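Two complexes come next, and they have one chain in common, subunit A, joined by subunit B in the first and subunit C in the second.
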Partner chain A sequence: MSANDTGGPRVLVVDDAVTVRAFSRRVLEGAGFVVDEAVNGIEGLERAMAVPPDLVIVDVNMRKMDGYTMLRVLRRDPVLRDVPAIMISTEAKDSDREQALLAGANWYIVKPPRPEVLVEAARLLTGQPLATEGAP
Partner chain B sequence: MGLVKKKAAPEVSPADAGGARDPLAALEDADAAVRRDAAHGLGHSPPPGAEAALAHRLQAEGDAGVREAILTALARIATPAAAAAIVPFLDREDAALRNAALESLQQMPVEVAAPALLPLLDHADTDLRIFAVQGLGSLVHPDRAEWLARVMEHDCDVNVGLAAVEALAEAGSPEALSSLETLARRFPDDAFVAFAVDAARSSFRGR
Partner chain C sequence: MSELFDQFVVEAQELLETAGGALLALERDPADRASVDELFRAFHTLKGASGLFDMAPFTRLVHAGEDTLSLLRDGRHGMTPELADRLFRTLDQCARWVAALEDTGALPADAAQAADTLVRGLSGVSAEGAAGGGEAAGEADAFPWVAALAREDRDGVGMAGGVITAIDYRPDPECFFTGDDPLALFRRVPDLRWLRIEPAEPLPALAQMDPYRCMLRFRALSGAGVEAVMPAFRSVPDQVRIGSVTLMPAAASAMAQPPAKPIAMAPPGSLAAAMLEEQARILDLPGSAAERGSRSAAVARAVAAILTALGRPADRAVVAAACADAGTLRRFLADDPLENGPPENGPPEKPAVAEARPASPRRALRVEPERMDALMALVGELSVMKGQLGPLVRRVGDGEVTRDMKAFSARLDSLVGDLRHAALRLRLLPLARVFDPLPRLVRDTARRLDKTVELVLDGAETEADKDILDVLGEPLLHLVRNAIDHGIEAPERRAASGKPPGGTLRVHAFQDKGGVVVEVSDDGAGIDPAAMRKAAVAKGLLTPDAAAALGDDDAVRLVFAPGFSTAGSVSDLSGRGVGMDAVRTAVERAGGRVEIASTPGSGTRVRLSLPLTLSITRVVVVEAAGSFYGIPVAVVGGVQRVPRAEIRGVKRAESIVLRDRVVPLVRLRRLLGQPPDDGGGHGRGGGGEADCVVLAELSDGPVAVAVDDVGERADVVLRPMTGVLRGLRGYAGTAVLGDGRLILVLDLRELL
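What follows is the complex of A and B.
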């Protein structure tokens, strides 16, 4: 796990839907993460290269560059190739999950995102303690 | 008759050479540059059947530049046939292609794009309905808010309704406020729906 100057792991949310970005920010910041945003794959790669995140959350369907393409580029980058990635999509078919994993995703969430699922996946992939850990 | 200075022969690129050919035939050339130029030419002066030929080439085309040229050409032709030729690409496995297809439809005049997208609101495939909402939501049309309101009030899939909320929030359509409330009531236990509806409501009030 890594953390930035403000304490929490840095998450880059890449989605063309402003509502998804805002919701993810609110939920993840509430759980102690630091959130950055991008509106498509190209901007996501630019942001990730400028400030490498501890986790990326990537939508599938975006203009200019889709999420699959972004993840494939990420996985070829010597600095960013090991950054864990959650793919988030409205598409719930097995083939969609497989395509996401093949592109380099570590986790797949079907929209609309549930706050507890988003937070637990983010904690798991950044090495943070899970909410259930330590529970009796 | 005076002497006429002979002009130097112009350089001929493979693409230029293809220009002298039937552009529909050039679309199937082995050279991607020729195919790209053929698509470009067809976009500017389409012969009868250009839409179908471009769509047929797009089905098999692997070169990103040629794909882009084909979709640009279809957007430029902008006939109902061109719009209809693009629609099948909205549910392709290739995410880059389906997103580019939607962008191409969105570049068409509203009177061409809307009739192609509206029937998709009733399609059985959820993802196609989402694309239809995104496409229709970006069009400037007097019935736009009504289309999106219908989706929020009746579509059975929460993500289709949320796509309508997103489209409304981006453009601002206060007349759809009651439909937003209906969507919130239809999915009362979904935290994301509540958040999205609140955000859209606030954005309307702030305008």
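What follows is the complex of A and C.
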């Protein structure tokens, strides 16, 4: 993993689709974030516990452990319970948004995310100034 | 996979239990929001969790349950006993499936079929609900006009990305005559954001118009929750539809439909505003105290981050305090509007609790029973080793070292005692575990029999060893079922005998003499001793003479007699008896006791007394023919010296009179196949003039056991016989006393 540990906020991207992960990494690293990846909820939790992220971006449907479960567990963890979380899904229904929030997400984005939306949401939830382009 | 699967099984069991409790509460009080939420959430979580595995029928069924509950939650369907039945059946089915999953790792073959039947029942409910609502179910579909709102309207509502409450009200055309003032109703709607009044249908020509008929349709949006809006329309429930819908934020809608404007040109603060509103909404979501607590922690951090990103960082503690609930957060954010300058004043009134840790329910730690047993065994051995240290220290002689060693030994003594106590306590669980299924059982049984029964549970916090709880579970269900089935009368009969039509069933647990007692009492018909005698004779259990000689108490106790209960028609007796001997057997096997007291006409009380734990048994140490034995205290009614002269012998059978009762006397030596003690015994009790007698209270009646000597009472870790010794009858097991002596613990019921 190319964790350029130069101090940018750390985002953990949890998605079973390799393309989505690569996309998120490119977009977020381009905006100065340090990106970590995991392929399912269990791995996501393991990564988060090893290196607490400043933000998690979680897919809904993943094998082994889905995003809801991962967020629920995350919210129960004494260290990670307040880590901001974005849930990202192909579903645009209110009920899906609701489910994401119930599980512990702070925000919900419908797939596929537009790069600028992803970056703006990530900046907001990690307290990065919106004005500056490039490295926060 | 398998660990996650195990986790699912455990979680599912917990969720089903929670759901069952919530459903009972909800049936009792249909307005209980917390229970609806709890129930909904349980189904919802089950759906999500089960979806992780290959168990489509399960997921389908809980999904259907979730749909039905969402109707309940939104007030589109009311709670009825029929609906409760369907949901209970759903929970039962899920519980059976989870049990199957635990055993075999898969759902049974007929699962799909079973799910279909139940889903049909549940969707029948959904269909009714939707029909009552007038339009198709599905919140977004139910209020299509919300999605169609013009952008200006949307902005005016000011809740982009948030959930709002939509109101669609078509007043009865005659409403002016029934005293309803449609517009006035909206004045009572909290946080009204948007209101549109239009003709309900194309207006007729002016000439045909009747000005006394209301032909309007009112549509409105409110920032308050559905529950808050509902009361305003209480008088016109049939004319209004209320539901929550999400207003897609500008940014979010843009995401859904490409392309969107580049980030630099996005209206400043729009996504941030939507996100902040969403954070407030999250605080309003249902959930357990723990869930809400962690959500609010996450919201506090997110809000602080967003404010920082917007260049107006706020103190974390202040933000955390503002995140107590949605209203407080909205007020906080309104006082610090994004458009206006920086806040002149700090946060508004500070909520009392600043991110107080939620009062989380006591969380249990799951420990493998084998590990507990290993710990108990080690503690037992440690006790034994410690016991041997005392004599050793004494042998060292006098001197400073000895004194120190004695002090050390004494400290060790008390530590080992504490350790043993702590280890024992680890295994204790509240009786709530066995009480939990009772409300449901009472509800179902009473409903089936058309009786009204109020269940009073007392002492659920009483603790006992897990093994004891396992022993207690079945008998308790049995007793409760029997009490409703045979004890408590039908309402008419109760009324006829001057009782309130509803019966009361009380289950009361408490600790007593180092054991736990559970009493099941009802105010039903009681047991008629005469009928019991007759039945015993009819079943050939007693001769007519023997039956006639029976006292009333003993006659009532016949319900415990093996064979008495197997007859099918005992319910004809105004008593009980189904499976009562099974109750007795189970309780006695665990070293406990069953008693019954009944007053014809006014009720029955069954009392189960059990030791606190199976792993530590309190025994009376007795001596016979030079060996030591333990008799469980649970069966010991007393210890006494009996002068030989008072022992009456008839052939080889002996008896004594104790408390005005003739009690058969047996000699432990004879029971154990040892030579009789002919006067020159070892014990103090020998010597001809008196015998040491332990009175054993067995369910068939008391028996006096003569022993050579009676020693101390001791708590021992009972180890069952293993290997070839397992076949030995009459022994509960072996145990090691504190001083290292090995004793055999007797099972008098088998020995006699």
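Note that in this section the second predicted complex is superposed on the first by the 125 of 136 C-alpha atoms of A that agree within 3 Å, B and C clash if a C-alpha of one lies under 4 Å from a C-alpha of the other, contacts with A are read in each partner's own complex, and residues count from 1 in each chain.
In this section, contacts are C-beta pairs under 8 Å (C-beta built on N, C-alpha and C of every residue); 3 or more make two chains touch, one makes a residue touch a chain.
None of these values were measured; they are calculated from a predicted model.
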(Q) Just checking: does A:99 make contact with subunit B only, subunit C only, both, or neither of them? Give me first, second, both or neither. (A) both
Q.
Once chain A of both complexes is superposed, is A:88 in touch with subunit B (first), subunit C (second), both, or neither?
A. neither
Q) Which chain makes contact with more of the residues of subunit A, subunit B or else subunit C? A) C
Q: Using the touch definition from the top, say if A:109 reaches subunit B (first), subunit C (second), both or neither.
A: second
Q: For A:34, select first, second, both or neither according to whether it touches subunit B, subunit C, the two together, or no partner.
A: neither
Q.
Which partner chains sit in contact with A:48 here, subunit B, subunit C, both or neither? Use first/second/both/neither.
A. neither
Q.
One more residue to check, A:26. First (subunit B), second (subunit C), both or neither?
A. first
(Q) Quick one: is A:12 in contact with subunit B, with subunit C, with both, or with neither? Answer first, second, both or neither. (A) neither
(Q) With both complexes overlaid on chain A, does A:68 touch subunit B (first), subunit C (second), both or neither? (A) both
Q. Where does A:76 make contact in the superposed view: on subunit B (first), on subunit C (second), on both, or on neither?
A. second
Q. Once the complexes are superposed, what residues of subunit A are shared between the subunit B interface and the subunit C interface?
A. 65-66, 68-69, 95, 99, 113-114
Q) Touching subunit C in the complex: which residues of subunit A? A) 42, 64-66, 68-69, 72, 75-76, 81-85, 92-95, 97-99, 101-104, 106-110, 113-114, 116-117, 119-121, 123-131, 133
Q: Provide the residue numbers of subunit B that touch subunit A in the complex, in ascending order.
A: 93, 95-96, 98-99, 103, 126-127, 130-131, 158-159, 162-163, 165-166, 169-170, 190-193, 195-196, 199-200
Q. In the complex formed with subunit A, which residues of subunit C make contact?
A. 1, 4, 41, 44, 48-49, 51-52, 139-140, 163, 245-246, 251-252, 254-256, 258-260, 262-264, 266, 268, 271-272, 275, 278-279, 281-282, 285-287, 290-291, 294-295, 297-302, 304-311, 313
Q) For subunit A, which residues count as touching subunit B in their complex? A) 17-19, 22-23, 26, 60-63, 65-69, 90-91, 95, 99, 111-115
